[in-house]
Amino acid sequence: MNKKVKVFFLVLLIAVFSLAGCSSNQEVKQEPTKNQGAHGKKDGVVTMAIISTWDTLNIYNTSGNYGNAVADQLFERLVYRDHDGKILPRLAQNWEMAADHKSMTFNLANNVLWHDGEKLTAEDIVFTSQAMTSPKVDNYYRSAFNVLAGTNGDGVAQDPKSVGAEAVDNDTVRFTFKEPKDPDTILNAFLSFLFVLPKHILDTGDYASINKSDFWKAPIGAGPFKYVKDTAGESLELEAFTDYYQGSPDFKTLVVRVVPAANLTAGLMNGDIDLVAMGSIPLSDWKTVKNADGIEAVSVEDYSYQYMTFNLSKENDSFQDVKVRTAFDKAINKKLLVDKLMLGEGSVAVGPMPTYHPYYNDKLKANKYNPKEAKKLLEEAGFDFNKEYLMIVPKGNQVREQSALLIQQDLAAIGVKTKIETYDFATLLSMLKDGKFDLGLLGGGSNIDPGESSVILKPGDSRNYSLLTDSKWYDLAAKGASLTNLDDRKKAYDEYQQALVEDQPYIWLYHQNSLWAHSKRLSNVPMNDFVWFNFASWKWKVSK
Amino acid sequence: MALNAQNLLEVKDLKKYYTIKSGMRDKNKRVVKAVDGVDISIRKGEILGLVGESGCGKSTLGRSILRLIEPTSGSIIYKGSDILSFKKKDVRMMRKDLQIIFQDPGASLNPRMTIGEIIGAPLEIFGLAKGKEKEDRILELLQLVGLNGDYVNRFPHEFSGGQKQRIAIARALAVNPKIIICDEPVSALDVSVQAQVLNLMKELKQKLDLTYLFISHDLSVVHHLCDRVAVMYLGKIVEIADKDQLYRNPSHPYTKALLSAIPNPDPESKSQRIILEGDVPNPADPPSGCTFHKRCAYRLEKCSSEAPCLKRLEKSHFVSCHLYDNESKQVEDNNSNL
Amino acid sequence: MDEYLLEVRGLKTHFLGNKGEIAAVDGVDFAVKKGETLCIVGESGCGKSVTSMSILKLLPPEGKIVEGNIFFKGNDLVKMSESNMTAIRGNEISMIFQEPMTSLNPVYTVGKQIGEAIRLHQHLDKKQTREKVIEMLKLVGIPAPEKRVDEYPHELSGGMRQRVMIAMALSCNPELLIADEPTTALDVTIQAQILELLKEIKNRLNTSIIMITHDLGVVAEVADYVLVMYAGEVVEYCDVKTLYKKPLHPYTQGLLNSLPKIEETKEMLNIIEGTVPSLYDMPSGCKFWPRCPYAQDVCKKERPKLYEKDNHKVKCFLYRDFEKGEINYGA
Amino acid sequence: MNNNRKKSMFINFIKRFCKNKLAVAGFIVLVLISLLVIILPPFLTYSESEIDPLAFSSPPSSTHLLGGDDVGRDVFSRLVYGGRVSLFVGLLSTFISVLIGIPLGIIAAFYRGIFESIIMRLSDVFLSFPSIILILFLVSIFGPSIITVTVVIGVLGWPLFARLIFGTVLSIREKDYIEGAVAIGETVRSIIFKYILPNAIAPILIQITFRIAAAIVLESSLSFLGMGVQPPAASWGNMLYNAQSITILTDKPWMWLPPGIALLVTILSINFVGNGLRDALDPKTKIS
Amino acid sequence: MKRYISRRILVSIPTFFGITILVFLVSSLASGSPLELLLSNQNISEAEIKRQSIKLGLDQPLYIQYFKWMGNMLTGNLGESYRTMQPVMDMIINGLGATFLLAITAVILACLISLPFGIQSARYQNKAWDNISSVFSFFATSTPSFFLGLVFLYFFSVKLKILPIGGMNDIGQENNVLSLLKHLIMPAIILSFQMVGTLIQFIRSSMLEVMKEDYVRTARAKGLKERVVIIKHVLRNSLIPVVTYLGMEIPLLLGGAVVTEQVFSWPGLGLLMIKSIAARDYPVVLGITVLVAVAVLVFNIITDLIYGLLDPRIRYD
C-alpha cells in the first residue's frame, strides 16, 4: 500500500509542476541572445500597455474602451478621426452624402486583404451591418445602427434584407437611413463602431452561430496586425500584417499588455512598456514621466467630462430650486481642482463639451466662482443649512475621489454640510436609481457627437442620474440631432449648452486630460488621436 | 433478591460496553467489554480489594458504581434502591454517601482553587455548612487527614504528592460518606509516603466507620489493607474470597500466577514462580470461552469454547474456572454472599 | 581498579533548575564487576536515574557533571570526547528505559530501530543486519520474529516493546547494561517475564547490569549488590543479602519496614515520617535527619561520611565507630 | 484572605510577564499608541479629512509633522485617526469572534454528539477556507465600510475560539479533577464556571491577543486592496493604498512609511505581548 | 486506502454543496446587477443591457439560476465571465497556474529558510542563535505583507533596479524561465515571509517537544551521532505536525496570496478575484470561491494521506 501511495504522490507532484509549468508556457522558443539586460528588448517588438483588460476580442461584445485599443489593430473601419474631430479616410477612400440626406455612399480602397488572404469587399460591410442588427446576435453597440433604414429605435432589424446597407459593387457600399441625417452624425456616431467582419468566415447562414464561433478566439481581420496568441486578460501578441493595404507596419510584433496604472511609470522607465495607449498615467507619476529621458509624454485634451449629480426626484426637494444648483456651481472652485488635483492637466468645465469641441458654444455665459454670491443665493432660496447632505462617489478614479474632498470643503465654506461616502460602481448605481443620495460625482463622454451627453438628461432612462422629470434639455439635444444643416445644428446645440448652464441639472466640473507617453524608440505616434481609439499603428516608426 | 443484611452495596450483572468507532479508519464497530457481567457486593465496614492488571476493567467498575461512567446494563443496589435508575438529582444526593479518591492526586485537584475551596466545595453543594461553620469544618478535616490548618489558602501545586492525596481524602470525607471508592490511591506515591497514606486510610476507616472499595494492582498493598479480595481479568471477576483464603489458597490459575509474580523483598526466599505466557489479550478481541485459557497452564478442552461462571468453592470463596467444576459445591443463592 | 568494569568515584551532577542550581547527584561512589548486577534503589527524585544518565553522559542540556570520575575499563568517561562516547553508547554500555511505550520511535519499524545500532557499531550490511535483528528478537523471546521485525512499535504490547528495547540494548553485546526502572510501567505478570528474561540474559551473556528501581521486591529478586540512595547521596551500599538481613541506615530500615508484606499481617505499617526534602531546600548536616527517628545533634550540623565495615558501607553517624571496629546497630 | 492569595497569584503572573523584556516593551508601546489615538484627536490642528490647500503633497514641516498627502490632508492626523480605526476594528472584531466562538465551543465540547459534529464541521469549513477570499467576497456583497469590515472579520474569526475552547475543554474534561467535581456533586453549570473556564482562560487570553493582531492586519489588507475602510475615513491600510504609485513610493515616503511603520510596530507589540502572556500564563511552553 | 479516499470524498460532497448554496445565496444579496456596470459606457444602450440580462437568465428566480449554475458546473462549465466573456474555467485555470507556481515556490522557500533556523534554535535553545531567529520570526509574522512588499519594491525595483516591478513575465519574454524567476522572486519571498515566521516557531517548538521524548534518549543511548539523532529521530517526528500545518496552509495560500498578487500584479487567482469583485463579475467570483473550496477539501485529504505516510500509527482501511 505504501508503494501505491508514494506513486500517487509522485504523480500528483508531477501534475502540480506541469500545471505550474503550463501557465508559464511549455517550450522555450529562443534563448535571449546578445547583450540583453534585465529588460532587454527583442528587435521588432513593441509593447503597448493598457490598464484594464480588453475583455473579449469580439469587438461588438466588449464592455469597455479597452477592447477598442485591440480592435483597432485587428479590424478595419471605414473612416477614422483625428483629435479635433476631423474625419480621415481609412477603408473608405471617399464618401458622398445623397442630396436628400437619406443615403451615403462610400468608395473603398480596392487592395484590401483579410489576414487570411481573401479580398475584403463591400459585401463584408453589408454582412457586418446585417449581422449586427440581427436580434440573434449580441451587440452592445447596436443602437449605433439605428440610423439605418429597416431598424427599430434600438437598432434591431427583424429582416436582414431590409437593413439599409447595400453593396453597389465590390468596392462601393451604400447606407440608407430612416430619416435625413447629417453626415457628421453618420461618421461620428455610427461609423465609429463599425468594425468590418469577414463574411467568408462568419456567414454560415445562421446569425446565431456568430457569437459562439471560435472565430473570436483568434479573429481574422483586415487591420494592420494579425492575431498570434493571447493570455486571457493579460497579454496579447500580434504580428504585423505585411499585406496591409496602407503598408506594412514598421515592426514585426505588437504586444498588448494589461498593466496596472501604478506600474505604468516603472514599466515605461525600465523599458518594459513602449507605449501607454489606454488609461492615464497616474497624476502622481506625471512629473517623473515628463522628466524622464527617453520618454515622450503627452498630455492630451480629452473630451470626457466630470459632473456632479443632484437628487432631483420628487421625494427630495433640497435642490429643486435652480438658485440652489447655481449656488453650488458658483461655490465650487473648479480651478483649484484642475490646478491642484490635476496639476493643471485638465480644464474647467462649463458644459459637457470642452472648449476644443467643434460644437463648443463660445458665447456661453458661465457662472463664475463666487462663494459669497453662492451663499446669498442659498439664503434667498431658503436652503436648509442644518441638513447633512450625502455625497456618493464611485471608487476607482482617484482624482474624482479626491475632488470630493475639495468640493466638500468648498461647500462647507458656504455653510453646506456634506458627508462623503465611497462605493463601488454597482452599489452606487443602485443607490442612484433608488434615490438614496443627495449629491453624486460621476463622469461621462465617449464620442464626439454633440448630443452624446443628452443620455443623462432623458427622463426615464437609467442613466438619468439626477432623476430629472423634465425632458426640456433632452428635447433640445434631440432637436439638434434631427437637423441636417450644419449651421442649424450648431445653433441648436448652442442653445442646449446655454440651457444646461442656466438650469444646472448637473454641475459640470472639469475635463481631465489623458496622460499618455511612449518611448522615444517610437516616433510618428499620433498620441492625440488615441482619445478616439485611433492608433494608426501602421504609421509608427521604430528606431533601431 | 433481597438485600443481604450485611451488604451495604450490591452490584449485579453490571456491564459496561464501549463501541470503538475509530472514525474513518474502522468500518466495523468493535465492542470492548470493559466490565462484562460483574456481581459483587460490599459489606458494611469492610475493605473490599479489587485487583487486576491494567485494562482489566477495575477502574471502570469503580467509576460505574458512582455513575461517573454510565454502565450499559445491570443494577447497583444501595439502600434498597437501584442507583442506575436514579434521576440526575438523586444521583447527586447519592454522592453524599458514596465518594471516590483518584489515583493521581496531582490531577484530581482543580489547580485554580485553594485547598479551602476544594474541601469546602462539597460542603457548599450539599449545604452542609456555611460561613464560620464551614471554615471550622475545613480545618477539622485538614487536621483529620494530618495536614496543617494553615494550608487552607494554598494552591494544590504547592504540595507534595502525599499531601495532595490527603487533601483529596479530606474532600471525600467532607460529606461524611458511607462508602469510599479508592481507585489506586497509593500507586502514584513513593514507598515511604505510600505507607503513610495507607495508615491514614486504615485509621480513618476505623474512626469514621467507613467502607472502602479498594482498587489496586498491588497485591501486597491489598493484602495489607483489605478484608476481602476480588480478582478481575478482562472485565470479569475470576476469583473472590476472604483475604486469608485467597492468599493462602489461590484457586484460579490467574490468581496463582499473579501472586507468584510479586517480587518478594527477601533475597533468600526463592519461591518457584509461575510465568504466564504472552500478554493480556486485546479487550476488543477477547479469546472465546474462558478469556484466560490461552495463557493458562491448566487449560482443559472446554476452556476454549465454554465460559466458566463463578462457583462457590468454600464459604465466601468463589472462583470462575472449569478446573473446579466438579469440586464446587452447588449453592442455591450463589450470589448472595459474593 | 582493573577488576572493576565500571567504577564511579565522587560523582556530582548538577541541574540548572527554575530557582537555581541543584545537586541532583551529590557525591556518589560505586563499582561494578563483570557479570555482576548492581541495583540502585531509592524514591523518586533521589538521583538514581541521573546517576545512570551521567554514566552515559546523556544528561539533558540543563544538567552537567561537575565533579568525579567514571572509569569504564580504565578510561574516564567524564573526560571522554563526545565522539568517543558515541562509540561506547549502545556498543559497550547500553541502556533500557522505564517507558517501553514511549522509548521506541513510533515512525520506524522495530527492525530498523534495532538494526540502527547494529549497523552503526558492527558495520554489517543490510541483509546481515536483518538476520542479526531477527536473532536478537529470538533471543529476547519474541514469537515470530521474522514477522515482528517489520512491525511498528504501536503494533506491539508493552511487554513486547520492553523485549524489543532489551534486544536493542543487547544487540552489540555490551559489557554493561543499564536498566532504568525497566519493569515499573509493566503489569505484575509481565514484570515477572521481563525480570526472568534479564536474569537469563545475565547468566547467558555474563553481562554486568546496573538496575535502577524503586521496588525493593525487584531488588531482592535480581541484585547482587545494592546501592540505596537518598536525596542525591548514597546512604547504604552492600550485597543484597546483607541489606535485607541487616539494613543499617535508618532510611533503609524505614523503607523495608514500610513495605506491606504478604507473609505478615500487621495492623499498621511502620512509616518514615515526613517527605523527601526539596532539592532546592536541603537540610544542613545529614539530609535524612528531619525524618530520622535516631537523629542526634551532630546529624543536624555535620554531614556523615560513608562508613565501611566488611564491604558494608553506610552513611550515618550511628556507625561512625565502624572504622574503630565497634559496631553499634541502630535500633 | 482569599483575595490575597489570588492577588499574589496575579503579582506572580506580572513578575513572570515582566521577565520577558520584549513583552514589556510591547506592552508599553501599545499603551502609548492607544493613549495617542484616544486622547490626541481633539488636540490636533487638522482633522482627518481637513484639507490644507498649502499642503498638497508637502513634505514634513513644522505645520504638518509628517507632511501632507496628495489632497493636502495632514498625514499625522490621518495616522492618528487611522490608528483609531485599526485598533477599533481589531478589538471589536475580536470581541465578536469571542462572543460567538466561546459559547459554541463550550456547547460542542460539553454536549458533544450532534452539537459537536455540526459546530466543529462548520468551523473546519471556515478555518480551511482562505478567510481573505471570504472576507473580500462578503465585504463586496455588503458594501465596504468600517462596520461591515469589523463584523465580517469578527464573524469569520469565531472558529478559532470555538476550536480552542473546544480542545481546551475536552482536555480539561478528561482531567481527574472534573471527575472529582462530578463525584462531589457539582452541577454542570458550576463545573463549567468554576472548574473549566478558570483553567481555560489562559489559552483564550493568548489567542485573543494574537487574533487582535491578525484582525488589524486583515483590516489593513482589505483597506489596502480598496475593499476595507473607505475614504475619506482614514485607516492605516487605505493610507498605504495610495502608495501603489511609483512616484509616491520613491519621492513621497512620508505618505506611506508612517502608516506602514505604525502598523508594523503595533502588530509586533501585540505579538510580543501575546508571547509574553503565553510564557507567563502557560507553564507548559515556558522554557528555562 | 481507496475506500478511505472515496469515503472522504463522499463526506466532502455535502460540504461542497453547502458551500455553493451559501456562496450563491450570499452573492444574490448584493445590490445592483453586474450588467448595470455596463451603464458606465455611454455607447451601450439600455435595451442591449436588458437583452443580455435576459439571455444570461438573470431575470429568473434564484433557485433556477442556482440549479442552472450547478448543473453547468457539474459538467465542468462555470459559465462565462461578465467582464471578459471568457469561460470562467479557462480564466481560473490560468490564474490557478500562476498562483500555484507562486504558492509552491513560497512554500518551498519558506521550508528552506525556516528549517535551518528552526532546527538550530531548537538545538541551541535560548542561545544567541535562538534569540536571533525568534526575533526574526516575530518580525516575519508581524510585518503586513503589503507593507513589506512596498518596501521590497522600493529597494529592489525602484532604488536598485535589479528586480522587475510586477507581473509574471517580461513582455515578449513569456518563454524565458530566467525572466519568470526574476519576477517570481519578490512575491515568493513576501508570500513565504509570514509562513517562515510561523514555521520557525512551529518547527522549534515541535522539535523541543520531540527532543523531550524518550525515544530520542533511546537513540542517543544507541550511540548515534547527534546529527543523526536530530535528523532521523527528532526532525522526522517533528515534521508530522509541520506537514499538517503546511497541508492546511497551501490551500489557504491559493486565495491568501491576494495581497501579494495585488502588490506585484501577479496574474493569479487573487488578482483575478479582486478584479472580478470590483466588476461584480459573479460567475468568476463564485467560480474562484468554489474552486478554492474544492482545493481545500482535496488538500485536506492529501494532508491526511501524507500524515499517514509520516506516522505509521495512522492506518486507512
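Note that the chains take the letters A, B, C, D and E in the order they are written out, and that residue 1 is the start of every chain.
The criterion applied here is as follows: a residue touches a chain if its C-beta (ideal position, glycine included) is under 8 Å from a C-beta of that chain, and two chains touch if they have at least 3 such contacts.
Please read all numbers here as calculations on a predicted model, not as lab measurements.
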Worksheet item: Which is the least count of steps on a path of touching chains running from chain C to chain E?
Response: 1
Worksheet item: What chain is the most remote from chain B, judged by the mean position of CA atoms in each chain?
Response: A
Worksheet, complete the sentence: Closest to the centroid of all CA atoms, by its own CA mean, is chain E
Discussion item. Roughly how far is chain B from chain E, centre to centre by C-alpha average, rounded to an integer in Å?
Written reply: 55
Response to the item:
When centres are defined as mean Cα positions, the distance from chain B to chain D in whole Å is 50
Fill in: Distance between chain centroids, defined by C-alpha means - chain A, chain B (Å)
88
Item to complete: Could you check chain E for residues that touch two or more other chains and list them?
Response: 30-31, 125, 158, 165, 278, 280
Worksheet item: Of all residues in chain C, which are in touch with two or more distinct other chains?
Response: none
Practice prompt. Quick one: which residues in chain A touch 2 or more of the other chains?
Written response: 260, 263, 266, 395, 424, 427
Practice prompt. Mind listing the chain D positions that touch chain E in their complex?
Written response: 22, 121, 125, 127-130, 132-134, 136-138, 140-143, 213, 217, 220-221, 224-227, 237, 240, 243-244, 246, 249-250, 256, 260, 263-264, 267-268, 271-272, 275, 285, 287-288
Worksheet item: Along chain A, where are the residues that touch chain D in the complex?
Response: 260, 262-263, 265-266, 282, 284-285, 287-288, 336, 340-341, 395, 398, 401-402, 404-406, 408-409, 420-424, 427
Fill in: Complex contact set, residues of chain C against chain B
43-44, 157-160, 187-193, 195-196, 214-221, 223, 240-241, 244, 254-256, 258-262, 265-273, 275-276
Item to complete: Please name which positions on chain E make contact with chain C in the complex.
Response: 125, 213-215, 217-226, 233, 236-237, 240, 310-313
Item to complete: Report the residues of chain D in contact with chain B in the complex, numbered from low to high.
Response: 1-2, 4-5, 9, 175-177, 179-187, 194-195, 198-199
